[in-house]
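Per-chain residue numbering starts at 1, and chain names A, B, C and D are given in the order in which the chains are listed.
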């Protein structure tokens, strides 16, 4: 806990130092240094105590409402893990990218504030995970929510960036409003603000309108985590933000939404039956729509953003399983669902952080992250390519990486629920498993597309052909995260039991069967690990054999066989639009693809253009019109301020008369 | 007491007349009539004890409301060379209807309030409220800044009327405030009118609608 | 000390009138602000006995608003020292319609500023309803020339509207005061006193229907000065046309003074046991004001009007908080503090923006962060503060009010409150973000570095509200609680 | 011991299946056909050859086939057989099997994209799309088996037979698995392994550029996959685990032969479906699986 405090202070120092040094080169060293040091100390604080320990500190706090109560329990620690790991990696990566030669369009004087807000984001995230009081949590939450607005708008001379930053700000605030309502209503109903006191009050007295509170929490935290239909800010914000910020947002900040939902479920106590099913359904809908839209994207960062939506959906599914399990008394399902959710969040943070940082390197090297501009980068940026492939393998949930382990735990939780009493629960669970499988299949397609089109084949533009690898400083965080991922793959069972600590601390669970279920799941991961080991060993063996055989019989290098076509160019390669065409034929609506074919008239058109775009349909069809309707209504109502003073007097007169007639 | 009631009825009539006349000069004269009528009120409703106070008040009202202000209005009128015809937003007949509605509303209001015995002479409360409502109707329903000032003054007169029975209660603040209000109406609005006419070559505040949403 | 409070600005006004040179005059202005602030600070240290035969008397709510007015005046006076240096005399061209105009003489402007402070001091430092009324009337008188500083036709229009609406309002408030004395009429008693100290103990015996009528008139009357919808219409015009430091004073201090008028009436009603009646009306007007502000904030193209409508919103929140009662009254007092500080800072910052771009349009004033980095940071921070984001103070007060609303059983009001706040956030965020971000418009030159006189006052005000968002001293909490108790207990 | 024998049988006998299929097709077409061991000859020849590798490609091109083969082989570790349970088994292991096959597919897709050829890109995109659609159907099949046998691991749900009468919904599962076999192994009616028009291919067009040992990996991997699905289909219907060892082996191999013959018959009797029809076929299979699942759960 002391170390945790030190890390907060380091963040604060980094923030203020960077702000004070605005305009000097040193800002780009002090800011990242603060973030790095704070993260490393924080990491030490997470590991310095046993995983199951819980601590609580109430510090003096100057406000008449709430308390400055901070504490670390297993759930906090686990959700802090991505914050610290990514905080360290992104600080280094950001220092490299903002200090490098790529930043000519970013005014020098903007780095001080940038690092200020980066440190503030880390500070806010740490406080969110540690807050044990509603008011304190809200303050931390808002600080955490506001900082990214400034981080996203680093390159605010581009109109898309401004637009994205604004969308982010609005989404974050609307979510926060729901949370304010949630905590205020909770506070008003119980009269206390401390988390422990709230939980006790909720357990003792039947909370009035608990379902409404749950709905508010789901909306508020869902807006942060990017659950459908509140995900619209993600695909806008991530491409606009600098990559180290995207990595931070996607890996750590949106996880805070899941964390918040976790806390809300803890606080609300005994769940109504529909909560778990609502979470399950929402999670699956989010995951499916997220991955389908990810598949449709032609911009790597947008693709990654939608993939984050998908993964948060899976985490929500885990929480839903936990809820259903707790409510039906199925401890196995509850423990595995909750542990699976945390496990998945951890995995996602590592993979997505790595992928976004790789995307950032691509952006620096090529100047674009649109798949139509990339290709063949694997040979030009070998480390980045390898890291991206590794991340893609992991995020698609393929063995032998721990992404598979996470999904397996979720699947085990579902499987333990297929003998629930009643037809509907069973059908629901089966549907969930099938949906999980579909998500896995589409994730594979999406990341095959991302990795394959960006890093393999021939470069599609001269910029991609001339891409130059980044410096060592920029590669260090990639390798660090890749190392984390490999370690996680090797120690997946241990990671699960770590995640299990959070599940065991969840109130309302019988620890003994839950512990047994977790132990069994760890065994299963062990066995699965054997198979994974088999895969690695066999691959190596086959590769060894292959190299022996080829040295014996010789290799000839030729051009790619063109199937008889003699003038191939890099433009005839399969592109982002064509790659998803078979899927789009069936699933155009959920993928949100729209295509336009412009062709000259006549039988032999000289020119034809096919444009395939994938705007967010929900934003296009729902939110934008909604905002327009509100704006138009307000405009129409503005006639009351017409500028004629005598009518203003009429308002006053009418008010008096009406009040007198009404009240007397 | 009959005299008092006839003064009040006369005040109500003057109020309605405000709404019915079409020339600014007539309105200015009406304010003089109202001021003179109003000057009677403190005298008539004063108790036996404090005639001196009431006389002082009556004189002050006569000087300010009966003479000073109408004179100022007339002077402004002749100086500014405004179009002497009032342009209404709300037609004269409709304005009259509004005035009568104000009267009826005041009478209704009187039934809703328990009157402390001996404080208000009969008819004073509705007369005062009618004056306020017609004054504000004049502000609402007419174009020119001058009519708005006149309407505002009529409303002030109503408030003064309502306040007079309380003047015997020992506090001078009430009277002072009424007088201060008149001061505002005359001087501040007079200054503003001066600027308006200088800037716009007219005191038609109907053109004042450039600030809006 | 209480005797001296209104005298200091009055004397300063005379002095200013007498001085010929600009420099000393500005010094006198700042000095008056400083002395006044010091005296006000002194009233916190030494309890004050009533002065001038009981006409001036300080209680907790009055002291609170007095301190706000004084502090804000000091900030505005310092800002004015820098501002007036750029407002040279002589003919100018209006940037909006190109018409020629001149500024009012600086002597008049400075004098009216001092008189304005004197009037506000009287309003805050009295517990006599008549004196209060006279004081509020005097604020109207002294502030009208301030609004008409730039003598062009739009500011004249704004001044005229301000005068007409506030005069009508003030007349209605006077009527309300008269009705109060009718309610307290006692043929056997010593006569109608408008001293709160006399009224509150007897409030229980007062005639209830008359109290109701009186409260309605006072609410509408002072409400039109305070900017409660639908009587708020002068507010955006006056705030947008007056010099920014005047807007800051109007919004941060004058509106509070009018609110104090309503609070005094509320005190009487609470003492008479009619808090339900008055509370209902205050909640109603609060919500209408917030809703109106929400409508006008969305799509607002003029940043000073944007701030003005935000003031309407916050006045609505104040009314709402007091109307809800209980913990919300404390919240409302805290909110008044935070709103004054924040809005004052925002208007001062808007003055810097206006000085650079010569336009009040949010669409044309772009790229602020590149042109004026400190101003843009203050603008953004002020925006976050005013819409109630932590760690600024308004978050705390708004949350307190929300909680009290939910605990007091006003779920519908609470829902509307949140919806309006959310709409206002969205509506304000778009123009503010647009102004702060992006490249400079091509026609604008890169300006000189910002002068400390232009950024220090808003910076200090924002720093104060930031502090109140993180740390409220015990003494201050106790004081605000005392003010809230004085209102809701009726004494 | 038995487990080892099962694995050995799979690794040795897998290439035989395609020989049988080809022979059946040839017989029905009235031809003599290729030798039944042709795939073995092909493999032997490929291993002994050098390779021609495109200049465009990177290490991914070389690793892809190896990963693909390794992943498929690892999936076989999870497959139970006539002799006993699988080498490695745990509840939910079918998910690992499916994901191993996914990894194997990803290896080939990436290798195909590495060539920069539009044709191979086309194949990769089709493979990815259809496999993603097949995945939930496969899971539904496993779920049906799991509810039917109350076992959550492949060893528990396959080859154990069912207690109780042979209800009609139980026949759905082998039928769907058979459809999946056709899909996943690029057989008619989903794909035509013997076509010569690249535009209509799925799997074959992905591997156009591979040669020598790489091609051998791919061909052998495809055989293993065919064996895997054949075994799934067979074991889902035949209760071999309850039989004495010899007859169990006999029944199992007989079943595998029958599956191969059935594939041959289908390939002889049907034309390739149009590309848009494939999802419809999978959709129908999925609907059938869902129906079967509901019927089982409902009991």
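As a convention for this text, a contact is a pair of C-beta atoms (placed from the backbone, for glycine too) under 8 Å apart; a residue touches a chain by one contact, two chains touch by 3 or more.
What you see is a predicted model; the values in this text were computed from it and never measured.
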Ranked by contacting C-beta pairs, which pair of chains comes out on top?
-> A-D
So, in whole Å, the Cα centroid of subunit B is separated from that of subunit C by 31
Chain centres from averaged Cα atoms put subunit A and subunit C apart, in whole Å, by 43
Averaged over CA atoms, how far is the centre of subunit A from the centre of subunit D? Could you give it in whole Å?
-> 35
How many Å are there between the centre of subunit A and the centre of subunit B, using C-alpha atoms for each centre?
-> 69
Residues of subunit D that touch at least two other chains are none
Multi-partner residues of subunit C (each touching 2 or more other chains) = 160-161, 164, 168, 209, 213, 236-237, 296
Taking each residue of subunit B in turn, which ones touch at least two of the other chains?
-> 109, 112-113, 136, 139, 148, 205, 208, 210-211, 213
Per the touch criterion, the pairs are A-B, A-C, A-D, B-C
Residues of subunit C touching subunit B in the complex = 128, 130-131, 133-134, 137, 140-141, 144, 148, 151-154, 156-161, 163-164, 167-168, 170-171, 174-175, 177-178, 181-182, 185, 187, 190-194, 207, 209-210, 213, 236-237, 240-241, 296, 300, 305
Residue positions on subunit D within touch of subunit A in the complex are 47-60, 62-63, 65-67, 69-71, 73-74, 77-78, 88-93, 95-96, 98-100, 102-103, 105-106, 109-110, 113-119, 121-122, 124-126, 128-136, 138-140, 143, 146-147, 150, 152, 198, 208-209, 212-214, 217, 275-276, 279, 286, 290, 293-294, 297-298
In the complex, subunit C touches subunit A at residues 160-161, 164-165, 168-169, 172, 209, 212-213, 216-217, 219-220, 224, 230-231, 233-234, 236-237, 277, 281, 294-296, 298-299, 330, 369-370, 373, 377, 384, 387, 389-391, 395-396, 399-400, 402-407, 414, 418, 421-423, 425-427, 429-430, 433-434, 437-439, 470-473, 477
Which part of subunit B faces subunit A closely enough to touch in the complex?
-> 89, 105, 109, 112-113, 133, 136-137, 139-143, 148, 205-206, 208-213
Interfacial residue positions of subunit B with respect to subunit C in the complex = 109, 112-114, 116-120, 132, 136, 139, 145, 148, 152, 155-156, 159, 162-163, 166, 169-171, 173-174, 176-178, 180-181, 184-185, 188-189, 192, 195-196, 199-200, 205, 208, 210-211, 213
